[in-house]
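Structures follow.
One chain, chain A, appears in both complexes that follow, with chain B as partner in the first and chain C in the second.
Right after this comes the complex of A and B.
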């Protein structure tokens, strides 16, 4: 009976999906695969937030990430600049099919706090990125549809539309541009619930690391409404450094410096 | 000169069709320019164009552009807060987004940082205030728990949580007259379409008031200006009994306004709140001269062979006095240029241009049009009305007797007016000149009554040294300033960075003792970071860390400049006397800008009127080639201004920027009749036996036209008394009062002064003028 119910679900899902939906989902899955399977990695990030009026602020952070055995991802961000928040650390734990969890270490107050139920539409560290934007593009969180082919700055690309299944998502839809050759994300156009352009994210300067991992040098987000921008510059990418899951335990956050 | 004038008018009447054609071409060209004229009722035009206040304000607005950008829907629901209200508010919030507003704030997306009440003591909840998945009781409980949150009370709800608010901010690039109107109209339509019967919904906020008030004024002005023209036309019709002449008089004024509009269009000047009054001014001043011209024309026609000849002699006779009446009025308005406030300068200059253009058309188009008329005899029962004689008769009789009584009477009236006027208050509201019973004002008072603020001023803090503005010493300074500010009755609430940091700190520490400031700079920096993680827009509305700028918001009531000005002075004094090293603090904001505009304008009122009086006196001296006459002419024109001051005090009106408009109109109008009477007097004085005889003859000749112009003005402007706007009501009431006062002064005081002056120097000393005006 259980098998029968499962079959019914599969049939129902299949019956509701067009070939374009299936193709879109497949392309999204390929892009997701391209971003995963790295084991662990470290990098240094400079986050430049512009307000659209020739003013910008910079944050420097160290970034570490690991793919734990049970799937998902654990990411640790440790602030280096500005100086008076040096050592502040944010640990984000993503598990398939579960809510993200976050812990924050505040050195001046010597506290580790678990941040409960953070809205995914909230801003990531005061940038134009939301937590929804920086999360791994887990295929199960969206409904996809292939909408065409195009080229972006000379690179042949697929265009896939995705709709977030989370009703709390701030977006009505997103159009993702995926490189045809390497399944790299090239660009994402975000639309609000009135289908008005809201933001555009570009992935700039891809490099191949360890002959396997394509990673961009920069993520450039523009908010079309406010003109505000955020650029995240990645450097010193290192993969398979032998990081352990225990390095990403909330209990050791205070020692993460 | 006189010959040349006469030749000019003979040519006009000989070739009326050429004049008409030239006028049509000119009006056509003007129409092209007028099509490019846009309407801009933006109140920002009232701000001082330069100076330290403006620079500070612009600096502040670059960092904190939301100060005057907030649209708010106030929501008083009959239902208890719960799912139903939440869903309806969600629909309304979507309207804000569709209208293009950003940073939409309402109870549905407010982020809260608090110690989580779950099973883990170290949990910090950074989450939405209201979870729509929860039931009504939980939603109500969440609201109750945060009722007195200093950031939310007075922003998202009132103190009793019976009125809620949805806020959205217009983009700085759209925060102009047209942009505000588009959003306001979109929201008004959308809210009406929500079909919510359980709640009282009031759309408010500074941009809403700035959109609705000028629209109401423009609509009022359109209707009332039209009605004033109709009433004036009817009055003229009663006196002249000739629709053609009335039509011609109005027709010769309209092109002047169109040409002014065209000029503004070509020069890229918008129609502002002030320049929208030009048609009214032009109508009054143009009509006064035209009445004199037509009355004289009809008088001359009785004894002249042909219409063209009557037109030519009439206009040759009055061209110079009319030129001077127009010039003096133009000087009166042009004097407003001394204020150096763009919108006021534009009003003064373009009104002056319009007045001179009106003169131009009165001296070209009107004679051409009159020369084309056919009738030679007119029904003069209106002009010869008995009651007109009853007004002029006593004036003529007073020339010979009771002169000192006249001086005594006018002197006493002036003294009383001065005494009353000296008690006038200078007081202006931030949203002013609208009657209390209008929907705009009702909404504003409703909003204030429920504890929300429409206006705010800000202490703009800028880091000038090493110390960041989240340093505990700076935070303590903010708290102390707020404590001082909140003692003021005008202040509704204050908001500053500590309001963000202290609740997060107590949540992190797990202490119930809230409102403790961070102990160290590092601690404060971490709290700022956490606040940014929770809701960066809220943080950046108060603190722009990387730019080293912060603000303390002081929400205030619109209680008038009588209260606001001393309050601002106290705040500025506090900020100066409690300076912090490495931090520059400036009190700024829209109220400061409005206040500085008002102060500048009122400070310039005295010198501006004085300059007008001096210039007009000089013009009169030149016109009459007599210092004595120039000085005498000032007296009857100052009298209506004094009466206005007294009447304002009795009527309970305060001195404010809009009052200046009334004074200018009153002066411009009063001086016209003075010039006409003086011209006539000097014309007949050469052949008269005594000054008294000359004055009697002058009053009989020009008196009826003087009374007639006053009656037309009074009737036309009385229509404005029904306006929704205090400024239009004031213009109506004050113009009526000043018209009566000016007429009284011209009929009684001026002849008495002239008789006295000429009695002492019996030789009539104005041959040049007499020659000129003859």
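Right after this comes the complex of A and C.
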């Protein structure tokens, strides 16, 4: 329903644009729809940060997410490793058209703390991902253009160029590979404001969950400037667990951990 | 409320329901610390340095997809140089149940109210051990029955608090305590003394940029006042006295972009009159990893306050990096001119090992602020933490 309305908006706004713009926008909307409408989901994540030399840092977290009735998304991340921050929980509430809200639960102090919402270009938990990179690719946040077709490791794909409308975005253009059959994101090339290559994100090992949700086993980000890498491994994906919205409330954060 | 009583009457039944597989978790910490003082003790107890060993363990069992939980947490701190400083506490020993609109907890636990950095003037449920060093105050587990109702209007918590715990005057044989001996027995306003049952309630809600909460407490106040008496041997001794009172409090935070506005207010009414306390300030987030703090704390009792933060300004900063953090702060007493500067740094050595460094410097005159005396001792310390 929400996706349908958004699509309607998209069509209205894009009227009068070139056919390639319209096609790009349509593909982005398909990819977005593929990522939403899951109800609720849980997973275990391992985040491996490499500094481009030989050092590696690992973090593991439990991840839970829900699509609340009013739209948007609520995500709860609970740290398991490193062990000194075990039990620390980060609740992020995303509402359409509003600033994200975040609360941190600190087990050592048994305290829930409202924190300043991150800047979109800030690093997500010290990784090569920024908050802008991990946010859902809402169609209204970009201007799209279809730029051609390609084949990535034998998978037929469309190439779509997008420009962030947010002036605070750290990127110039981005090139997105969207798979032709299932509208899955396969790869994103990020360019800086001077059109120099900045980062590349690859989506590796797609699996079908619940006969409906395609999700990758790994997200692999490489920073071309520094050589630094981040791999996010997703394990034990489960959908429609019947999670309750109240479990994603700051008041419950301290109680439920 | 009828739903709540309904839930309470069903407790024995709920306890017996192990439909879903139960999940147990263990965690714990071991810390070895060495603290070195700038000056040799001036006639008081303690040596030029103090090693301490701290251990804690936490266990919990959840079932019904986390709807029910039993948990146990205990901690022990030993000062090998001085056997009298051992501090053991059960931080948590409780059963919890949560459903769509109601949550119940019974047992021993910890509760934190408040939003500011330097001190929480509204925090009241748990007794605290003061002068405990960089981690700030350590809380003692409080016996309680707590019920929470949740709805579109926020969360309403009620606490029944049987069993009062007196403040342990930890370290009176060591360095970080005042040279005046404190009596082991306390006096109470209430004829039931430690058996007086206290209660508290709190309403809290988050709406957009605003987090707001109003609290109420009635019973034996957690912070003692002291009277100086002469013991049989002729030496002066401090007698802690715990007063009956009621506290109404408000705390709120306004979060917009990089600026967080924080306010805590309390009106505390006791037998000898009422006083008010305030903590107010801002946090400015320069980047996700760098924050600055500025807060002011005030207590209308002035020199008679049971806190050393009665008219103090706090300025601080915190820097997070990949494997740790660096934090520093300065507290300036507007009236006495006393200054405390502190700095801490921690670094993760591996997934389960971390190293911490900390230093505290005092300038001014401790006799102007007797309550600061326990901490009035410039020192640096290093700690190795192991997490399992």
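By definition in this document, the second predicted complex is superposed on the first by the 239 of 257 C-alpha atoms of A that agree within 3 Å, B and C clash if a C-alpha of one lies under 4 Å from a C-alpha of the other, contacts with A are read in each partner's own complex, and residues count from 1 in each chain.
Note that in this section a residue touches a chain if its C-beta (ideal position, glycine included) is under 8 Å from a C-beta of that chain, and two chains touch if they have at least 3 such contacts.
Bear in mind the structure is a predicted one, so any value in this text is a computation, not a measurement.
J.: Clash or fit: chain B and chain C on chain A?
T.: By the criteria stated at the top, chain C and chain B clash after superposition.
J.: Which partner does A:195 contact after superposing on A: first (chain B), second (chain C), both, neither?
T.: A:195 contacts neither chain B nor chain C.
J.: Kindly classify A:153 by the partners it touches after superposition: chain B alone (first), chain C alone (second), both, or neither?
T.: neither
J.: Identify the partner contact of A:58: answer first if only chain B is touched, second if only chain C is, both if each is, neither if none is.
T.: So A:58 meets both chain B and chain C here.
J.: May I ask you to decide whether A:225 touches chain B, chain C, both, or neither, giving the answer as first, second, both or neither?
T.: It touches chain B, and chain C stays clear.
J.: On the A-aligned overlay, A:98 touches which partner chain: chain B = first, chain C = second, or both, or neither?
T.: second
J.: Taking the superposition as given, does A:88 touch the first partner, chain B, the second, chain C, both, or neither?
T.: first
J.: Report for A:211: first if it touches chain B alone, second if chain C alone, otherwise both or neither.
T.: A:211 sits against neither chain B nor chain C.
J.: Applying the document's definition of touch, where does A:111 land relative to chain B and chain C: first, second, both, or neither?
T.: A:111 contacts both chain B and chain C.
J.: Under the stated touch criterion, which partner chain does A:181 make contact with: chain B (first), chain C (second), both, or neither?
T.: Neither: A:181 stays clear of chain B and chain C.
J.: After superposing on chain A, which of these stretches of chain C ends up overlapping chain B: 149-157, 257-265 or 365-373?
T.: Here chain C runs into chain B along 257-265, and the other listed stretches stay clear.
J.: In the superposed arrangement, what residues of chain A touch both chain B and chain C?
T.: Overlap of chain B and chain C footprints on chain A: residues 49, 57-58, 82, 84, 108-109, 111, 113-119, 122-123, 126.
J.: Given the complex with chain A, which residues does chain B contribute to the contact?
T.: 62, 94, 97-98, 100, 102, 111, 116, 118, 120, 122-128, 171, 468, 505, 508-509, 520-526, 529-530, 532-536, 539-540, 544-547
J.: Considering the complex alone, what residue numbers of chain A touch chain C?
T.: Result: residues 49, 57-58, 81-84, 86-87, 98-99, 101, 103, 108-111, 113-119, 122-123, 126, 244, 246, 249-252, 254-256 of chain A touch chain C.
J.: Which part of chain A faces chain B closely enough to touch in the complex?
T.: 49, 51, 53, 55-58, 79, 82, 84-85, 88, 90, 104, 106-109, 111-119, 122-127, 192-194, 225-226
J.: Inside the complex, what are the residues of chain C that reach chain A?
T.: Residues 27, 66, 96, 98, 100-101, 103, 105, 110-112, 115, 135-136, 139, 148, 150, 154-155, 204, 206, 208-209, 211, 253, 255-260, 283, 285, 287-288, 291, 322-323, 348, 351-352, 354, 385, 387-388 of chain C touch chain A in their complex.
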